[in-house]
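Chains here go by letter, A, B and C, matching the order in which they are written, and residues are numbered from 1 within each.
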Amino acid sequence: MQIKTKSDRFIWIDIMVTLLTLELMAYFYYGVRAVVLASVCAVVSVIAELVCLRFMHRKFTADDLGCVSDALILSLMLPAVLDFRIAAIACVFSVVAAKNIFGGRLNMIFSPAAAAYVFLYTSWKNQLLMFSEPHVRTGVFEKASSLVSSASNSFNINGKMNVTDFEILLGSVSGPAGAVSILLLAVAAVVLLFRRSISAGAFIGSISASALMALIVPASVTRAASVKYTLVTNMVLFASVYIIADRRIAPKREYYAFFYGFFLAACSYILVITTAKENAIVIMSILFTPVALGFKNLEKHIELVQIEEQKEAEMAAAAVTDGEEAADEE
Amino acid sequence: MKNRKTAVFDGLLGDNTVLSALMVISPVIVCGNTLENAIALIYAFSAITFFSVVLSSFVPRRLPYAAKIIFYAVIASIVYIPVKTAAREFFPEVVTRVGIYFPLLAVNSLIVVQTEAKFFRMKRGAMIGSLVFCILGFDAVMLITAFIRELLAYGTICGRLVDADTLISGLALPFGGFIFLGLLCGLYRKVRSAVGHDSDNTGGDGNVSGN
Amino acid sequence: MFLVTELLSLLATNLILTQALGTSTLFIAAGNKKNLLRTAIAISVFTSVGSGAAYIINRLLPDGLSDLTLLFYTLIIGIIYVLLLTALYFIGSESFGNTRKYVHVSAFNCAVMGTLFTVTERADTYPQLNTFFNFVLSGIEAGAGFILAAFILTAAYRKLNSAKVPASFRGFPAMLVYLGLISMAVYALR
């Protein structure tokens, strides 16, 4: 089943609305610093996009604003106290190396936000994985006085989180500025699914694989706790909505997208329980790019075969009609 | 058709060994992250390649292709021994740091592929000229890559600290080398097409020949 | 679960993605599925048989003559090269003209020679790996790693050579950046 193509601009607006809502939540917990970080990311991305398009002799259109949503996705995965320069470098990297080198929005291969995140992970891991506590507001140009590791890290190591379910739902736990607001993310996922702005197959595949793996090979004392914590930590929900189910990256056909999301999430769960790797799902999304491309190649091949079959059928039908007409004339 | 004089210089600019033909890229990607490494590798690559190709040019042409290639590789492996001994004197730390990439220079494409495909089809004088420019092509790319990567990744130039406060440590790693070389390669093509060296500039598959 | 961890470790020890060994050979091979499979098979033969022979040479060569290692490895590869060509000639002399080019491409390159040196280096660091079986196994692993990297590149081949990619970056530069990004994710796994 292939869902009718929806305009890229409408998809972008839907995604932006949900991202801005998450950004509002980030403002609530971390103050103006989170908003400034997101703005820096957005502005740098737009400038980088403009420069790249200029080099490619293309005009900047409304469709090219996709870089803003990628910048917001990235900023929501970062600690609110991250150095602005580092965030800016990551944005330039995402726009130039992960997107426009391959032809930009017309020929997307990687999720720019995921690529930029992994880039930060490999170059500034310490800064990336240390967070300020929720409700601790740091001034725009101040350095945070005390930083803590994320709640995901504590789950990966101890198999439990020392926070209430209510706090988890509202996102009042240490972690990336926007990726921990579980209730809001769940609402965003439902809205985007109903509006068909994300790949349902990839999203459902990812969530079901995470839940299933957590049930079969529990990472906590009880299976229920394992499933619960697996879904809310390590940016599983956030990445499932904005990275894995990204329509530009995931396979078009829903059942291929399901398997893509399913195996991606299953592999990242295994990585989390074997190596305690934080936010493994984002790293895995880059490693699964060839799988998504493989599925897309298969889809293209199937489409070509179907077109050929249709043509042959039409030609055969035309031949039959001609034969009948000839017989009538005789 | 290119004239012979231009063809001799091609290895450096028009048809750069690394950026155009993508030969000998592994040392650039992995070890081209500091100027110290780069200088040691430039020395080793230049010495091994130059002497190996020149000595290989005396191997009889009548031999079967496979036999000739084995001879060339064996000659390079023999040339490698004194080069390594000298390198241990001049760059003792770098030789250890560079590790397996040092001996791998002896099986580079200029020796095992380009000898038959390009150099030995030329007269000896032209061959030596072309070889020198091919070697210089590698050396130039190695130096540029190492300089920029060292500056951005470690904030140093030839081991001396410079005033850089945001360092991109990933650039010193192999993946940084891949991405940086990809960008440099694209930039090189852009410049080459801008100066009219490559009128069509279609990209795609060029002449890649091993290593 | 075992399969996934094995696959991840194959990625994490992949010679192309972590050490850039044999990248250009990969670029040649990825252009055509038939080329890819045959080159990968030829490289696997060289790496596995070569690694076994490298183990024997390492045992026989005195420590003081370590500079001769390269020469002996070259001779090993040379012998395998000749034997493989001879075998191909006798197996199918008609198709020999087509198949020999894969052996030519695979014999002396960084992928093969790099494997022999990497396996030896690893055995020096971890003495428990210094067995004939482990050398051959590492050689096979290197061949499998090459195939895996080739599939990774083949999946994106059409997109990387698409007309939508800027002309200056189409083909090799885009391939390098693509492999770089995958290599970056592999590094993040460590």
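One rule holds for everything that comes next: a contact is a pair of C-beta atoms (placed from the backbone, for glycine too) under 8 Å apart; a residue touches a chain by one contact, two chains touch by 3 or more.
This structure is a prediction, so every number in the text was calculated from the model and none was measured.
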Where chain A and chain C overlap in contact partners, by chain label: B
Most distant chain from chain C by Cα centroid: A
Per-chain CA centroid nearest to the all-protein CA mean: C
B-C or A-B - the one linked by more C-beta pairs in contact: B-C
Between chain C and chain A, distance of the C-alpha-averaged centres to the nearest whole Å: 33
Rounded Å distance between chain A and chain B, as computed from the means of their C-alpha atoms: 39
Gap in Å, rounded to a whole number, between the CA centres of chain C and chain B: 20
For chain B, residues that touch 2 or more chains besides their own: 170, 173, 175, 179, 182-183, 186
Junction residues of chain C, two or more chains touched: 165-166, 169, 173-174, 177, 180-181, 184, 186-187
Chain A: positions in contact with at least two other chains: 97, 101, 119, 122
Of all residues in chain A, those that touch chain C in their complex: 55-56, 97-98, 100-104, 106-107, 109-110, 115, 118-119, 121-122, 217, 266-267, 270-271, 274-275, 277, 283-284, 286-287, 289-291, 293-294, 297
List of chain B residues in touch with chain A within their complex: 166, 168-171, 173, 175, 179, 182-183, 186
Residues on chain B engaged by chain C in the complex (per definition of touch): 22-23, 25-26, 29-30, 65-66, 69-70, 73-74, 76-78, 80-81, 84-85, 99-100, 103-104, 106-107, 109, 112, 170, 173-179, 181-183, 185-187, 189-190, 193, 201-206, 208-211
Interface residues, chain C side, partner chain A - complex: 1, 4-5, 8, 11, 151-152, 155-156, 158-160, 162, 164-166, 169, 173-174, 177-178, 180-182, 184-189
Residue ranges of chain C touching chain B (in the complex, touch as defined): 17-25, 27-28, 31, 67-71, 73-75, 77-78, 81-82, 85, 104-105, 107-110, 113-114, 117-118, 121, 161, 165-177, 179-181, 183-184, 186-187
